[in-house]
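Read from first to last, the chains carry the letters A, B and C; within each, the first residue is number 1.
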Amino acid sequence: MIELVSELLKIDEEFLDELISLGGEGIKRCYQCGSCTATCPLSEDGIIPLRKMIKYSQLGLKEKVLENLTPWTCYYCGECSDTCPKDADPGEIMMALRRYLTTEYDWTGISKRIYHSKTFEVMASLVLALLTLGLIYLLHGPVVTDKVDLETFSPVRTVEIGGHVILVVLSALVISNLYRMYKFTVGDSAKRVPLSRKLSEFFKTVPVHFLTQLRFRKCGNRIPWIKHLILVSGYASAFILFAILLRWTLTNEIYPITNPLRILGYYSSAALIYVSLDGIIGRIRKRERMHLHSHSTDWMFLILLLLVGLTGLLVHLFKYLGMAMPTYLSYSIHLALVPPLLVLEVPFAKWAHIAYRPFAIYFQKLKELGEGGV
Amino acid sequence: MKIPGPRIGVYVCHCGLNIAGVINVKEVVEYAKKLPNVVVSRDYVFMCSAPGQNLIKEDIEKEKLDRVVVAACSPSMHEPTFRAALEDGGLNPYLLEMVNIREHSSWVHSKEKEAATEKAKDLIRMAVMRASLLEPLEKIKTPVENKVLVIGGGISGLRAALDLAERGFFVHLVERSPVLGGKTPRISLVRGGKSGREILAPILEKISSSEKIRLHLNSEVKSVDGSIGSFKVKVLKRPRFVNERCNLCGKCEEVCPIEVENEFEFGLNKRKAIFLPYKGSYPEIYAIDQEVCTKCGECVKVCEPGAINLEEAEEEFNLEVGAIIVAAGHDYYEPPKGEYSYGLSSKVITTLQLERLLSDDGPTGGELIVDGERPESVAFIHCVGSLGTTPSSKEYCSRMCCYASLKNALRIKKKYPKTKVFVLHKDIRTYGLDEDIYWDSLEEFVRFLRFEDPPLVRVKDGKLEIEVFEVNLQERLLIPVDLVVLSVGMVSPRGLDELSSILKISCGPEAFLKEAHLKLRPVESLSDGIFLAGSVTGPKDVIESIISGSAAASKAAGVVSKEEVEVEPIVAEVNEDLCSGCGICVSLCPYGAISIKEKEGKRLAEVDPMKCKGCGSCAASCPSGAMQQKHFKDRQIMAEIVSLREVMV
Amino acid sequence: MFELPKPVLVLGGGIAGIQASLDLADQGIKVYLVERSPSIGGRMAQLDKTFPTLDCSSCILTPKMVSVARNENIELMTYSEVLEIRGKAGEFKVRILKKPRYVDTEKCTGCMICMEKCPSKVPSEFNEGLGERKAIYIPFPQAVPLKATIDKEHCLYFREGICRVCEKFCPAGAIDFEQKPEEVELEVASIIVATGFFLDDPRKREEYGYGKYENVYTSLEFERLLSSTGPTKGEIRRRDGKEPKKIAFIQCVCSRDLKSNKYCSSICCMASVKQAILAKEHLPDVECTIFYMDLRAFGKGYQEFLERAEREFGIKYIRSKPAKIEEDPKTKNLIVTYEDTTSTKFEKEEFDMVVLAVGMKPNLLKWLPFEEQEFPEIGDYSDPVSSKIDGIFLAGTVSGPKDIPDSVSQASAAAMRASVIAYGGGV
């Protein structure tokens, strides 16, 4: 029997064209067999309407796609693409959807430009990096050449202020985009959920998934999850060392090898370099399913990470070797890479998933509560 | 003194373990020996094998047998085998009685060996009693007219006719329209990049130059009499009114006042009462549609070569042929007005009309223009008129519409890449190697929506919109489109009812002609000598119809390549002394084999042994017992029944 | 009436080859029917019942097989293969190898005593490897010709020089270990290729567990389980002998799939529905579920058959291509993981038995002038049984997946076209 529905869905062709240009070329091939959804190791947790997402995409049902959190719950193990009898590459379609949603959640329009023009992303990063270099040029302290005097060259206070500014801008952008994400996906459906409950669910889901990406471990063998954890711990340690503990790390001192700060520093660089290099090589060699297609945003992110790790290590190396100018230069470059990473990548480009993924799990829970779940 | 009577030989087959594994064959053989008139009783592992048959042949000679009972498998398997063995041994083949102790006993009572053995004994006893009353019969031979009639000049009929002509037989081809080709010339793309015309062309060329094919256009079969080997057919030829002097100038068309829908273009445009069926048709001559022509004579006035003769009369003539091929074709479902808004908007068309629009020789020269506009979005709706989707729909699947519609969806996408094309479907049935077209359509980004409940097509302010509940999404969608194409199914052709009663071939529940056996005899009918080709038995595409035509030709060739055909003599026979001419038998005979004749002032029933199939309905109903079925006479049957009850020692 | 026709060669003794031979013989043409296995009958002999009529397959097939055997115009050459085809339409020269059966067919009565006594057991091809036959064997009881054949590879005498038990017990003295292969050269006017199909290897989709899990069967294997002439005499049993309570049929395995074959194998939807109905007839309490993408019920009576299966027999249809099958190591039951595309529910359902509807591939061997393992293309669309080579015609599943009525029709059509050449026309 045909039920009456209040609202009929319309087809949006522009959305479809955009999606295809972001990597969704396989969308047209799908004949809705459902084996991708069934193969997904995460399907056990609940519904991953992977096949449905592809159908929504095929038919250009933009609203349905925007209100759906599925793409954020996928970690691109690629099994769906391996199973697909039509080579529609559902894994890459989900990636394309993540790219699309990133561009949609962002209200500034910068994300859209980044994703649709590689020149824009490169130029934007360069601009930010150059701006930072410019600032460093203007604000740096005296250049001591006979020994490595990093503290003088780069006063902690200045760097701290720079750091705060970046954090404020970053947070504002991320929070506002998250709010949009909330509006698209949860909307009014969690109206009746009491605030206390909303908060408790937040604490139950967001921190854990933010730090550990627990769901990821169910994907295929655990290796991708482990590598990703290494990366996360890498930049988390970097954050701890160079944001929180800046006063202890932006020094001229070279700590003894047993010092936890030094060890953590090595770990942090090693982690960043290893995982980003592994990703870059993987993408060049097209080793895994997720490496088969690489968008410019994928490369940018990996390259930036790699450079940050490398330059960080270089700073330490030059400091250790007592080479002053190289230390200051590599340090400047290292600093200059931070705004592109934190101000461009996180709110607008690939690193946006750092926020969207854990919040997707949270929002999914709110939706379920709103629809009468427990 | 020995009573001279029938000398019966009984042979019990082991059939490997099929019979012997359940039935105690030795016991049965011993039992049979004691039955009246049984002279010899044997068993063997495989009676149908050469050594088994030899046992029979030798005994006929040695023991002077004059009746044989073989207890083995089903007669439908080996009755001909044993009849041949009897003939080889010098005995009339109809003096054989075959008893089925396999399908009727060992196979069905495999767990009750004793009971099965007893049943086998009972069956053999009955057979022996019947065998003693069997009479020799002679096969009925009838000479074969080595000509074939093909009814229908569509592609399957044409292929059949050509095959037979190439094989050396004479063919009469009767076609009711003024030209050959049927529906195929209207299909602009069939397969392999070829149009219907391109596929027809080589066949038509050979037919036009063949001396073995006589064409009867504008003609219809009115009656068929006789049976296999000699059918007598009455044909009515309607006047075309235009002859070969026609030079295709077209002036007649210009002046003709009568305009009707052009069926060649599926109603997309109009034609006159005098018209050229289509350019490049065979024959390429104008014709006058007798049903609408008012005989005003305007055309005659302007015809320079004087090719028009409005006084041309109907003609009736007879044909004598040995076999008939029915290739009467099909029609398409015409949606009733309002179904999917068909008839309410000029932007709702059928796939056939689309086929014409996309055709180079169509009303728009191959451009997709409907009502003066080129649509930017097209939606195909499948299963129109099929699968019981609407109250007026048929229940069956029309087989070729999925392919036809996707082929056109793909054509539209390739010619006008920016057009949005949607296909609303139930199942996509592009079977076999045709799956390609589905994959190609997906690759060109044709979008598919699956429905269970038929979509609604509405006209709002002159624009079309479709509302459909998409089953894979479980969402209701609204799709505004510029053009809706209804993928209609095939139905049986106009006039098939009449033809079916003329030929005495029944139609199945789908209203198409019924074949003799759905699996193994797809081009044969239940009437010997009449074969069925093409879409007249059910929906088929062009290629399948051509194959079907050749298949029917093969069967017809099997008949007309013989000097004579043999018919089983197990037919009904009238005892004229007892017959009162009541006519009950006539009304009951499903084959029209009985007629009442006047003989020396008496009304008597007469059986045409060529038509009689030996069903026994007449014999069973004859009140006087005058009608007897040979080989199944009353006393023969009674002997069996009685012996079931009484055990004779 | 006409000049004497030249003979025609028919390759393949399945229903298509049989029908073509009978049609040609009916026109007075001599037919060489060459079949590589010891008996004609082909796939149809392996079927229990046919859809949608539910006719007993053997019962409608064997009379035709017997007609072939009895027909004076048909020279049946079983256990024979083609070595070479030369020439052109109207004058092909074909070399045939008649493989030695090591049994004198003039003497053999088909009594089957040798089969009983032979000690060497071999997995039965006729039963798709599910049952056993002996090294000396008749493939099935209604074989035509009903003659024993010794499979040299598994015969103890040929392998180790011992045994010869068959010879001892044969009442007709028909065993002849000295028999040699025979080469024959035939001159024929035209050739009909009707060599049929084989099922693709379902291991191409490893995730379905064929070959790993004991209760996963192919459609043909299941058909043999259903048949009364099969390894279990028609009792549907799992490997452990238990009756299944829930059977899953999975469609489109190695069809419509880039990993194996893009095309649709045409008949598997109907075959699975038929098998589900037959399973219900054998085991009234069994639950049958068919996992499909599109139910291709396109032929005459097929749609009605589909609906009847649901209505009368309670067969369930779920639109889904399952992702994988896993085995419960204790019960050997199978867990099918799928998304029901209509309800969007993700399920893991347990079944006792899984039947894979595996795709078809044509039997084309090197000596045929076509691409190996690809369906040969139509030569001329106006004559669709023609191949790219004049005088060679195609019939049956070798030219594309199709059902029995289409195979029979195509066979008759091929016979017609071949007969034209046999009588000197059409070249």
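Operating definition for what follows: contacts are C-beta pairs under 8 Å (C-beta built on N, C-alpha and C of every residue); 3 or more make two chains touch, one makes a residue touch a chain.
All of these numbers come straight from a predicted model, not from anything done at the bench.
Distances from each chain's CA mean to the overall CA mean are smallest for chain C. Between the interfaces B-C and A-B, more contacting C-beta pairs are found at B-C.
Chain geometry summary: the mean Cα position of chain A and that of chain C are 56 Å apart. Chain centres here are Cα averages; for chain B and chain C they lie 27 Å apart.
If you average the CA atoms of chain A and of chain B, the two centres end up 68 Å from each other.
For chain B, residues that reach two or more other chains under the stated contact definition are 428, 439, 472. Taken residue by residue, chain A touches two or more other chains at 31-32, 51-52, 86, whereas all remaining positions touch fewer. For chain C, residues that reach two or more other chains under the stated contact definition are 256, 341, 344.
Listing the residues of chain C that touch chain A in their complex gives 207, 252, 256-259, 293, 319-324, 337-341, 344-346.
Of all residues in chain B, those touching chain A in their complex are 420, 428, 438-439, 442-445, 447-450, 453, 467, 469-470, 472-473, 475-480. Put simply, chain A touches chain C in their complex at residues 31-39, 43-44, 47-49, 51-52, 83, 85-87. Only residues 1-3, 5, 8-11, 13, 28-32, 51-52, 55-56, 58-59, 61, 64, 86 of chain A touch chain B when the two sit together in their complex.
Contacts from chain C toward chain B in the complex involve residues 1-2, 15, 19, 23, 26-28, 50, 52-53, 55, 60, 62-64, 66, 70, 109-112, 141, 146, 256, 262-266, 294-304, 341-344, 375, 378, 380-385, 400-402, 404-406, 408-417, 419-420, 423, 425-426.
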